[in-house]
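Some structures are shown below for you to check.
Below are two complexes that have chain A in common, paired first with chain B and then with chain C.
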Partner chain A sequence: MTTADAATGGTDTRRPWWRRVFGKHPIGYLFAGPYVLFWLALFAWPLYLAVYMSFRDWFFAAPGAVVDRPFVGLANYTDVLSDPAVHRAALNVAIFILINVPLTVIVSLVLAAALNQVLPLRGFFRTAYYVPYVTASVAMIAVWLFLFSNGGMVNQVLGPLAPDPSWLVNRYWAMPMIALFATWKQLGFYVLLYLAAMQGISETLYEAAEVDGAGPLRKFWSVTVPGVRSATALVVVLATIVGANFFTEPYLLTGGGGPNGASVSPVLLMYRAGIEQGDAGWAAALGVMLAVVVMALSAVNRFFLEDRE
Partner chain B sequence: MRTRTARLVAVTAVTALALTACSVGGGGEEPGDGDTGAADDTGAATGGSETAGGGGGGGSTGPIDIWYSNNPEEIEWAEQVIEAWNGDNPDQEVSAQELPAGDSSEEVIRAAITAGNAPCLVYNTAPAAVPSFQEQQGLVALSEFEDGASFVEERVGDLAAQYASTDGDFYQIPWKANPVMLLYNKALFEQAGLDPEDPPLGTYDEFLETSRTLVENSDAEAAIYPSPSAEFFQPWFDYYPWFAAESGGDQLVVDGEPQVATEASVAVGEVWRTIYDEGLAPREAAQGDSFADGISAMNSAGPWAVAVYADLDWGVVPPPTSSGTDESWTFSDAKSVGLYTACENRQTAWDFAKFSMSEDNDRLLLETTGQLPLRTGVTEIYADWFEENPDYQPFADQLERIVEVPVVPSSIEVWQTFRDAWSSSVIFGEEDVQPAFEQANTAIGDLIAEG
Partner chain C sequence: MSDTTDTPATVDDDAADPAGTAGRTERWTPGRIGSFALLAIGAVVFLFPFWYMVVGSLQTEPNTTVAGAFPSPGNLTFANYADIDSRVDLVQTLINSSIFTGGVIVLTLVLGLLAGYALAVLDFRGRGAVFTIVLLSLVLPFQLLMIPLYVLLVRTYGLADSYLGMILPFAVNATAVFIFRQFFRSLPEEMFEAARIDGASELQILTRIAMPMAKPAILTAVLVTFIGPWNEFLWPFLITKDQSMQPLAVALANYITNIAGRAANPFGAILAGATVLALPAVALFLAFQRHFLSTDVGSGFKG
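So, the complex of A and B:
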């Protein structure tokens, strides 16, 4: 221990208790407090409840009701893991993520780079890409149904080349269509993230690259892409989380996970079991497993993609 | 720095504990409440201690609140009934609101039961949801009232048994019915060269032949266009009316035994499989109302359709059967009134429910909504009205032969299990009907046995 440390230790005991707990700037805790409470009430507590429910034969009951919710150990987890619908949903999540995440990163990065240039109508295009993101999913799905239904505009254009059965009731096309819809819908948000990140890349790097003879593509690949690496990590993590939790699309776009369960998702199964059928224990077990998988995927993504300087 | 972090964690933990304590004090949904037995709960909430089957004597009187459906006709009916009641009972005022918006009314009601803020009465309680609301201890057993069971039995006669729960008690008051029948577009039938006044739709063979003719020779793209989506309630508008007809009035579950694999049920599955395989019904959800738009020539609907399709020239027949019958059965598509345990003034709620189903208020329901009161003798009691409104007469006549969804445990899961088998074998033809129905029958039997 240095002399300075010893001195600090000595003064620490003479400080008032609140100073010892909250440090020199207690007002910081005041600012953080509301969010901590929000987080505890709406994230930590429900997560704890979900884990608790997943080990019981749980259903929702009226306040004060005398009901039996026995401890069932891992029964809910084994039921979930042996359910063919869950296997299909897990496969669908994998398909969704495999299409959605790379496509989101590539398209939003390219669009952001284009919109970062001084282009005519730049403001219009920035707004146009953002509109689907801020528009209600229900309205956007109505547009897609109009485009991709059997007699829709896309099939009219494709004529004999249109798939049979049509896109949204075709068991091979239903999931890719959902992934494409989600990519298109979320694109504006990710473009915005990349645009913000691009403002942080020093202009001198582009000038230096030009001096070295780099063309537009080389500058994009060697300056822009590494310069937005942190944003890419964020985009990948967020797209993965959103992808694993998709619900509205199979619920509305493919008529409840159709055709015949080909686009069912884990969250749709949770909704059916927990909300519609009252089997909240089973739904909670699936939710807990989904949360663990998403956290693991996010951790892997961060490990490979984040800057570690 | 490490010391401060530890302190911060300690403060956060204390806050979390405080939050937990607040939350646990708020109701019976938290860990520890449900499983530790009655000791924690008996005194927790008056509403809870007087829940289903308990109490006796009916409860107190005073102001109550109710929820009703959000369609304009039912709102008009409810407003008139409430105005009449409140005028005569100023000390037992009824406040009302439309059912809060949600994906389905069952979802909203279930959430309200859990939160403890369900109203006293909900008009439009689906009979299929009653077992799960009952399991939640959200519904009051009508045996709590002296005339609870007798009111239901007098109101619907022999049908009452279909609304009783497995414990023999009633947890719903049958209110109205919309018998599902087969509507057809006369103009499209005429265009296809079919007799619009006496269409050949009595047997499966006739139905299939008529459907083929319609798709080939009229502007209709589909003969019939039920929703092919996977929701648990969709069978009520394709399978169940036809099953009721084919089986001569059986419910999906008879004496605890599922009927999914019976000859009648499989016959219905096979004929619908043919309908889908031949493209007479699309496998994709319709955009808008396919019957109103002339895209499909037929539609499964109840008497509400009279007003909705006022601009169309349509006819109506009962669901077909394999060999044809003059007395076909169908699904009731009935809605009940539920009395919820969160209600403090239950006697008022019960009295108001009976008042709202009086002969006069049932007439008002008929006049304002076109929906049929679920009571015996409708065609005789309101004969003058049906004479003035003959379009409703076939639906009213059908009231004598209607079937309700079975009031069994896990009712929603039962229907979802069936729908999954139907989607797989009938709509998308990925497996044969017979084995798919047999598998569903076993799964449904297990669900019912588990309770």
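So, the complex of A and C:
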């Protein structure tokens, strides 16, 4: 602010009082105001409401009806924590993250490193990887349903090796299939993220490694991988957030979290309890816990991946 | 230092033209062959389902053998498109998708340009707090807000089955704010000062000077914003029960879960619907792919 002040003419004897209180451009409030208002109405207020509802016996009533929604303390939280479906959903989130995060990091890192060279068809490859990312989940799930259904092409190819029951209705395979689908769908985004990070690595590092006699693999491991550490932190955080919030996949790909609840997700349970069954307090409590866990995981990931240097 | 290398060089960012190739010797070392093979396998894995969707949508009889992955002249039809249209009303659902997506884009641009300009160019007390607010809306998952937003918009304000109800939650778009903030910060400070000395108001500076220069950033924001609502399932699914108000993604998903069993060739009809849903986003991406930069999201996170 001081340099900008000098530019407008430093001979001003005194700045007007409003400038000292509000800053040089009070019109900034009008510019930022609309976003802040929307944020208050559609983010901060619902966030408060989520916490408020989670401590109440909250159910739906006709609009305008005055109903009593008593404070129930931690009852919703204890209900959620003792529900076997929630345990299964938590296990599924763990399965999802354990498959999705390492697979995403390794495959997108390798593909980005391969792309970060002078090769024919580079532009084509980059485009190809991004296509699933820009396509609607609903459309891509339709294809996976076709591919992995009982008489689908994957089973046709596998013949007797096909799992029985088929992938999406098999209680051991349903959840890994969801994780594989999500990984596949998002991977192009992470490849490009890594590619951008790799282009920021100084070439002198590679040259120095080469002088020291490093081969391509050694250079990848000792220069590229450490060079994209902050991108890795971002990838892990984003993949974890996605992992805790999947809904469309169990709803559509495995027919509502089937078979027999084997692929339910927390958000699917929130939808069922909160909107189908009207027990919004229970759903809000699950949502609050989910958000706390996700943000804690993100913070831990960031701490370990970013601050080690 | 060594002068001839084929290390991973800094490569040109233009997808259509890897201009870095000029003047470089392209020897097919084992490493490069391996990389190329890897990339080619990757491309098949990523593109095959897309290809299979289009081929499957054109089959008279679903053919799930390997041969079915290739269009065969005797088994081609557009009947699946007519079939899905008779059940889902493609025109109406596409209009709904367009209004939903268009509304989100307009709101995002207006709010994002104003807030991005304020954060990048204007100096006012509390700017740091506004920046924190934008950051917060980036880190918290939407799903946590799903239940209270539903209560607020549907139960309290009666916005079920309305475009406004679909659009509003997507208006708080931090990514767009970051894109614009980043761009406006890259413009020289003297330019804004000069315009102020000439007596231009901040709104004039934004609309007449900064925005015309920000066309690439605006295009990026439009494209990045587009794929959100166009592809979104959960929120419009929650608040639209009336099929005449549903975006295509929701109507198609409901078709998949409810009535697919009754169609003559359910997979053909589903894949036809999927193709119609996928094409606009993919076409936009192919046409403007240089502007779909995931780095914008990355830079947003770094602040």
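Throughout what follows, the second predicted complex is superposed on the first by the 260 of 309 C-alpha atoms of A that agree within 3 Å, B and C clash if a C-alpha of one lies under 4 Å from a C-alpha of the other, contacts with A are read in each partner's own complex, and residues count from 1 in each chain.
Going forward, a contact is a pair of C-beta atoms (placed from the backbone, for glycine too) under 8 Å apart; a residue touches a chain by one contact, two chains touch by 3 or more.
This structure is a prediction, so every number in the text was calculated from the model and none was measured.
*Asks:* Tell me which partner A:Leu111 touches in the superposition: chain B (first), chain C (second), both or neither.
*Replies:* A:Leu111 contacts chain C only, not chain B.
*Asks:* Looking at the overlay, does A:Trp221 come into contact with chain B only (first), chain C only (second), both, or neither?
*Replies:* Once the two structures are laid over each other on A, A:Trp221 reaches no partner at all.
*Asks:* Applying the document's definition of touch, where does A:Val169 land relative to chain B and chain C: first, second, both, or neither?
*Replies:* Once the two structures are laid over each other on A, A:Val169 reaches chain B alone.
*Asks:* After lining up the shared chain so the two structures overlap, which partner does A:Trp45 touch, if you call chain B first and chain C second: first, second, both or neither?
*Replies:* In the superposition, A:Trp45 touches chain B and chain C alike.
*Asks:* I'd like to know which partner A:Gly258 touches here: chain B for first, chain C for second, both or neither.
*Replies:* It touches chain B, and chain C stays clear.
*Asks:* For A:Val67, decide between first (touching chain B), second (touching chain C), both and neither.
*Replies:* First partner only.
*Asks:* If you stack the two complexes on chain A, which partner ends up touching A:Met270: first (chain B), second (chain C), both, or neither?
*Replies:* second
*Asks:* If you stack the two complexes on chain A, which partner ends up touching A:Arg56: first (chain B), second (chain C), both, or neither?
*Replies:* In the superposed model, A:Arg56 contacts chain B only, not chain C.
*Asks:* For the three-chain arrangement built by superposition, which of chain B and chain C touches the greater number of chain A residues?
*Replies:* C
*Asks:* If you stack the two complexes on chain A, which partner ends up touching A:Gly23: first (chain B), second (chain C), both, or neither?
*Replies:* A:Gly23: touches chain B and chain C.
*Asks:* Is there a shared patch on chain A that both chain B and chain C touch, and which residues make it up?
*Replies:* 21-23, 29, 36, 45, 49, 60, 63, 145-146, 149, 151, 255-256, 275
*Asks:* Spell out the part of chain B that touches chain A in their complex, as residue ranges.
*Replies:* 4, 7-8, 11-12, 15-16, 19-20, 23, 26-31, 34-35, 37-38, 41-42, 44-49, 51, 104, 106-107, 110, 113-116, 118, 132, 135-138, 221, 227-232, 282-285, 287, 341-342, 410, 412-413, 416, 420, 423-424, 427-428, 430
*Asks:* Which residues of chain C touch chain A in the complex?
*Replies:* 1-2, 5-11, 13-18, 20-21, 24, 26, 31-32, 35-36, 38-40, 42-43, 45-47, 49-50, 52-53, 56, 62, 64-66, 68-69, 110-112, 114-115, 117-119, 121-127, 130, 133-134, 136-137, 139-152, 155-156, 158, 168-169, 171-172, 177, 189-190, 193, 196-197, 202, 206, 227, 230-231, 233-234, 238, 249, 252-253, 256-257, 267, 270-271, 273-275, 277-278, 281-282, 284-286, 289, 292-295, 297-298, 301-302
*Asks:* Which stretch or stretches of chain A touch chain B in the complex?
*Replies:* 20-23, 29, 36-37, 40-41, 44-45, 49, 52, 56, 58-71, 145-146, 149-151, 165-166, 168-169, 171, 255-261, 272, 275-279
*Asks:* Which chain A residues qualify as touching chain C in the complex?
*Replies:* 1, 4, 7-8, 21-29, 31-32, 34-36, 38-39, 42-43, 45-47, 49-50, 53, 60, 63, 110-111, 113-132, 134-147, 149, 151-153, 156-157, 184, 187-190, 192-193, 196-199, 201, 203-204, 206-208, 210-211, 216, 219, 224, 230-231, 234, 237, 241, 244-245, 247-248, 251-252, 255-256, 267, 270-271, 274-275, 280, 283-284, 287-288, 290-291, 294-295, 298
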